[in-house]
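Following this line, the structures themselves.
Consider the two complexes below, in which chain A is the common component and chain B and chain C are the respective partners.
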Partner chain A sequence: MSTNLESRSPATDGTPAPRKILPSLVTGQEGVLIGIIAVLWILLGLLTPAFLTSGSILPLLVAVAPIALIGVGMTFIIITAGIDVSVAAAIMVTAVITSQTMVATGIPLIPAVLLSIGVGALLGLVNGLLVAYGKIHAIIITFGTANVFQFIGLRFFGSSTVNGLPDTFDVFGRGEAGRTLGIPHSFAITLLVVAVAWWYLRHAASGRHLFAIGGNENAARLAGIKVKPLVLMTYVITGALVGLAACFFIGQGTSTLEQSVGAGRELLVIAAVVIGGTSILGGRGTVFGTLLGAILVQTVTSGVTQLGWPSQLSDLFVGVAIIAAVGTDILRERSRRKS
Partner chain B sequence: MSEQSTTPRIAMRGISKNYGGVRAIRQAELTVQPGTVHALVGENGAGKSTLIKILAGAEQPDTGTIEFDGKAVSITSTTDAIKLGVQTVYQEPQLFPELSITENIFIGREIKRGPRVDWAAQAAQIHELLDMIGLPHKLATAPVGDLSIAQQQQVSIAKAVAGEASILILDEPSAILTDTEISVLFSIVRRLTERGVAVIYITHRLDELFEIADTVTVMRDGETLDTYAIQDLTVTKIAELMVGGIVTEKREVRSFDDVVPTLELHNVDVGQLLRGIDLQIRPGEILGLYGLLGSGVAEIAEAVYGMKQPTGGHMLYQGKRMVNKGPAAARRRGITLVPANRSAQGVFSFQSIRFNISIGDLAKLSPLKGWINRRREREIALDLIKRLGVKTPNENQPISAMSGGNAQKVVIARQLLSTPKLLILAEPTQGVDVGAKEEIHRLIGHLAESGTAVLVVTTDLAEVLRISDRVLVVREGKIAAEFGTDATQVDILAAASGAISTRNES
Partner chain C sequence: MTTTALKNNEVGHRQENLGYRAVRMLLTQRIALLGLLIVVVLAIMTSLDFAGALSGSYDADYLAAALISAVPLAMLGLAQLMVILSGRGGIDLSVGAMVSLCGIVFGYSYGIWDLGLFPAILITAVAGVLCGALNGFLVAYMGFPPLIATLATFYALKSLALIVSGQKPISTLQIQDFFSAAQSVEIPVIGHSLPDVPLGIFTFLIPTALLAWVLLNRTTFGRRLYALGTNDVAAIWAGVDTRANRMLAYVLSGLISGLVAIVIVAQFASARPDAGVSGNGLALPAITIAVLGGVAITGGIGRVSGILLATLLIVWLNAGILLAFAGNEGTQLQLLALGLLLIGASLLNNVTRKKFGVLH
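Let's turn to the complex of A and B:
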């Protein structure tokens, strides 16, 4: 290294600081979210004693799983200052292809999951290629592909639902088959994915590059970061996770797959990511926050139902949470500009 | 200086580059020895940036060869350039606001163990780098977005030198730095050349070359002129080389009646940016303001137009004390500003030409407040399009479909509509072709003849001489010199870049 400068400064000797250059372990927003979730759970537990029982918490975690899972991919995308609004349509496409294949051929669990992941990744590849190489904003691209995916999905459905699904995906479901030692498999898998993604974003060089791309894409390119392949990767990963999440959705459902599978989920996923502290402007975010965001959104939804309140109220609460999260983000950015 | 080597670190030969039909540089030559500071100077648009971008791999040349340490190389991407050790510090800090200083410095060349960033190894190096650029250690983990612009620039330099820099390109690093920060910069640069790094230094502040540069290459109109040793040069000599032998046609000397000046500035300060500015401009007069980036020249216009508040002194407008809370207040007095970056500030690009003209003075179109008389709007637009020679099939064309020159004419046309008493033009012909430039200059002349006082802020030397009755040169927040119509480009450039010292060496 031509610039390994002579050690001039006495201050560098014996300073125990080095390790602290790591990104901080838990961000402020994650702390706040854990607090809010804890308060909500305690309140709900007091108001409806049934809430804090495994009969109530476990289905909540099962419902959180696919949202948080896709949220991991969406976090990657939003960190690079992109977005993917096609995930709901992608869920439908992967779910219908996988279901019809299972009904027609009776393929076992592993090949079925791999098929679903493969189809999802392919859809993600389409998004990724267009976004990374098309130079058009991601929201426009994925809004377009969402409509195309919607069309493709409905063509597979034809005019009806997919009936007579085998019980292959019950391992991801709500029932006894979906748990080991009381832990829902789908949630355990999600936790594993979150953990791997958390490590990747925090420690892997290419993970850090995603933050660089979202912070200043031009500077990232100048720094020799391979911007396009990395952006492409975030969409492929999201697609693959959509494929896996589609298996969860099928497993959680009945033996009939409705055409409405996945509908509206993209907003829940984006809500979870944004509430979890990922900046919609790019450059900042964590998957742990996304998991917490997904739990918070699901807690609100379940809580409203269990309290017997009108279900629109959960939309209201989620909406307020999104505005609060984005609002703090914008205020933070603005105060920075001023200084 | 360290030992002179006969093999140049980099030799660029016969480099040409066209953008569309426009020749950015042709047959450019640049040879830089290791361990030296090689200055690259030239007016805006002379081709410095293009040449540097080619070396940094951000642009590909159409012709030419590049040799690195005597071996022919091809640089087809920034990655190629970085592999050769070409590091660039751009004028605007190219940083990542949400990442820490440490991460910003190491990004793209992390010290890794497997796929993982080796935080401890990076930490071991960061403190030395922070010492070198003069930032406290505790900032190692601070997000760069929380730093000042000057600090961000220091981080950019640390980022460049933390890599295996064999060539360090500094693109106008001093423009946004204070004197203290510049001396820090120079000490860093000297330390690097001692190590054998070749430094390419781009600046408009010619005086600082005598402090830091070993050799100077001058660019003009896309060509590289000779390379000189700094001992053989003076500020005036460099200025002469930069502008060449061009003789601008002189404006005739016009005399102005002893009427009340439209605008007077008395001892105006704006924070640290402007100190003790005095100027006056009379009806019908065209006053040129010339200054380099960061000289404060832009702030004068902003202070007059109410975008920045003076912190000292006072302004008189038509003989009366003026305080503008904002641009709206300035406009009510009859002051208008045509901004430099018209794509960002000046035009509504998806709207029609008609809309863009009439938005200038909607009141004129409305018998009733809030109503717009469509027919009148159309008539006015058509009249102006004809008078200005704007080339467009019809008045409903979106402005985004027009050339830069025609778009700028539309923006100036908007001012004609309200015939301002004081018109401030920032870079009125930046990026427009020669023909349109002529017409815009003529237009400005017409406006002045009708009694408008015109303040032109420009970095185009030929332009400032051609249209101004008087030229004020701004340097380091002060008026450095005043010229009449008999000034030459060299006079102005030399004054702006430091030959005439206005520094208070107190």
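Let's turn to the complex of A and C:
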């Protein structure tokens, strides 16, 4: 199927050669983002000498990691023209279950991470089943499950915080334990996931199918693509990544887990994805762009704090960044269609 | 697909007995279903009350007092109705941020600059219209997907509200006295035998609902909104200025958010910069109300009466849950109820569409 699509046999009967299926390695949006991030980093470096030091950049990368990680799953979902606004609530559920288990039993790192990923995947499965097989618009379903997840999370919390967390997840944290050779583990893991996801979306047959589903679900189904299992998969993957990201959040926090863990992250993740050039209408997007989007958002947030401006200003810049990024994307699409 | 629809129709005609017709009405007329659910909730809660399982009495006075939370909820539900009707993925995530910012505007103009109540309300409404116009411009004229445009303005306006106010709530004497606008009053003429009803119902909710109903059902704007929400391209060919009409839907959403801001300032006796975005914010409950009220997320379908009944259902159910479960458990169960209702309602919408075609 996909080999058919990708092979570019010269047209023998005089018809034009098929349009190329694979996008260029770096899309326009990614180039723009790299430029903006470079300009911002240089400006911040000039204005606050402390910015371009490892004491400032490394925490930034650690903070980017969970957002970009969930962003990878969200990119998959949005490419299929879906959306998941329940990730914030899912972070809360996975974080509270994992940390309560760690406090109660003191399980070591690997089982704790696997538990977190498992719980996250289970929540993603609920979303995926309802979206793929219930045939309901994804935003409605995930608004609904967000409420249900929040209920579950708060029930686990009882009415207090989780106290006395062990230092198991310090390997994902900001401190010395979170780095090897100066590279934060959480960011390295995120880079690895981004790389695998990039390869999958670009070169695996089912990865290309996700774009087909987002472009035209009906056409994709008629072309023999198993739409429902693939859509289900995107939500399960997102859930699993939420589970892993929850470990990062716990590792970045203190020894107390607050009930507000994850709050508001769903919109931040979606912001990172759309700033990264993924079309909310489906059918177009890259995980590399999402990583850049997450870095841009985090740069703005840390930059505002380091300049000594009121931290609430960062949200204003995030809003402006979304409008600017999507606006240039829309204009580029328009001019491409005209030419 | 077509054949099954035909078969269903045939079966329907053959078994046109009372039970079948009742089921069909409940599924196709969202108002009928919501009405039934409200009756069920009231019946269950009242019987629990008689059995002594509630921590307070679930009577008419309690139900009337609970309506205070229906005012902002229903009004924002109407705001979502306007934008979701306009189609092409219409949605407004920024209502909470607009409420926060407009609340601060009202706090300044009424509480600090002391311009008088009506000029202050006017200024706040204009602020809402401007915020809505920004959304409308981005969506209708720039071609932004509504989810993205309103996500961006959500961030920007939320931040503006915090910065303009210096993160401090405004609660000067005027604002504190304004609390009287949120009190309950006796309904004139027939009121002495009925429980007192929150004033906001008459001053804000009923005028907004009436205006929304007239706009949607008795003006060309309303019919055009349904048209372009149902089929954008067809509306263009029919000569509808889809851009201007779609923009107007977002402007109205902003205007309603501005009015809600005043209601919320009155309820808290304070203009808080995070009034609309703290906790889950206001957008999520408003969208839930809209979907529960039978508004199709794809646009073109939805009614004012559905929004009002869905609000009553949620508000009275929540009020009952608070009496049945003490403390934290009650507020947590409200989340569960909201989530399950939303998922249930949308699954039901699907069944209806498959079995009977359109939902009314």
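Keep this in mind: the second predicted complex is superposed on the first by the 305 of 339 C-alpha atoms of A that agree within 3 Å, B and C clash if a C-alpha of one lies under 4 Å from a C-alpha of the other, contacts with A are read in each partner's own complex, and residues count from 1 in each chain.
Assume a residue touches a chain if its C-beta (ideal position, glycine included) is under 8 Å from a C-beta of that chain, and two chains touch if they have at least 3 such contacts.
Treat the numbers as computed from the prediction; the structure is a model and nothing was measured.
When the two structures are aligned on the shared chain, A:212 is found in touch with chain B, with no touch to chain C. Once the two complexes are laid over each other on the shared chain, residue contacts for A:155 go to chain C alone; chain B is not touched. Within the superposed three-chain model, A:284 lies in touch with chain B and out of touch with chain C [touch as defined at top]. When the two complexes are overlaid on their common chain A, residue A:220 makes contact with chain B while staying clear of chain C.
When the shared chain is aligned, chain C comes close enough to touch A:316, but chain B does not. In the superposition on chain A, A:269 contacts neither chain B nor chain C.
On chain A, the patch touched by chain B and the patch touched by chain C do not overlap at any residue.
On chain A, the positions that touch chain B within their shared complex are 1-5, 7-9, 11-12, 15, 17-23, 203-206, 208-209, 211-212, 214-216, 218-225, 279, 283-284, 336, 339. Within the complex, the chain A residues that touch chain C are 83, 130, 134-137, 139-141, 143-151, 154-155, 158-159, 267, 270-271, 274, 280-281, 310, 312-316, 318-320, 322-323, 326-327, 330, 334. Listed in rising order, the residues of chain B touching chain A in the complex are 56, 58, 78-79, 82, 85, 88, 90, 94-100, 102-103, 107-110, 112, 115-117, 119-120, 122-129, 131-132, 137, 140-141, 145-146, 148, 161-166, 191-192, 195-197. The touching residues of chain C, counted against chain A in their complex, run 89, 91, 93, 138, 142-145, 147-149, 151-160, 162-163, 167, 280, 284, 287-288, 291, 297-298, 327-328, 332-333, 335-336, 338-340, 342-343, 346-347, 349-350.
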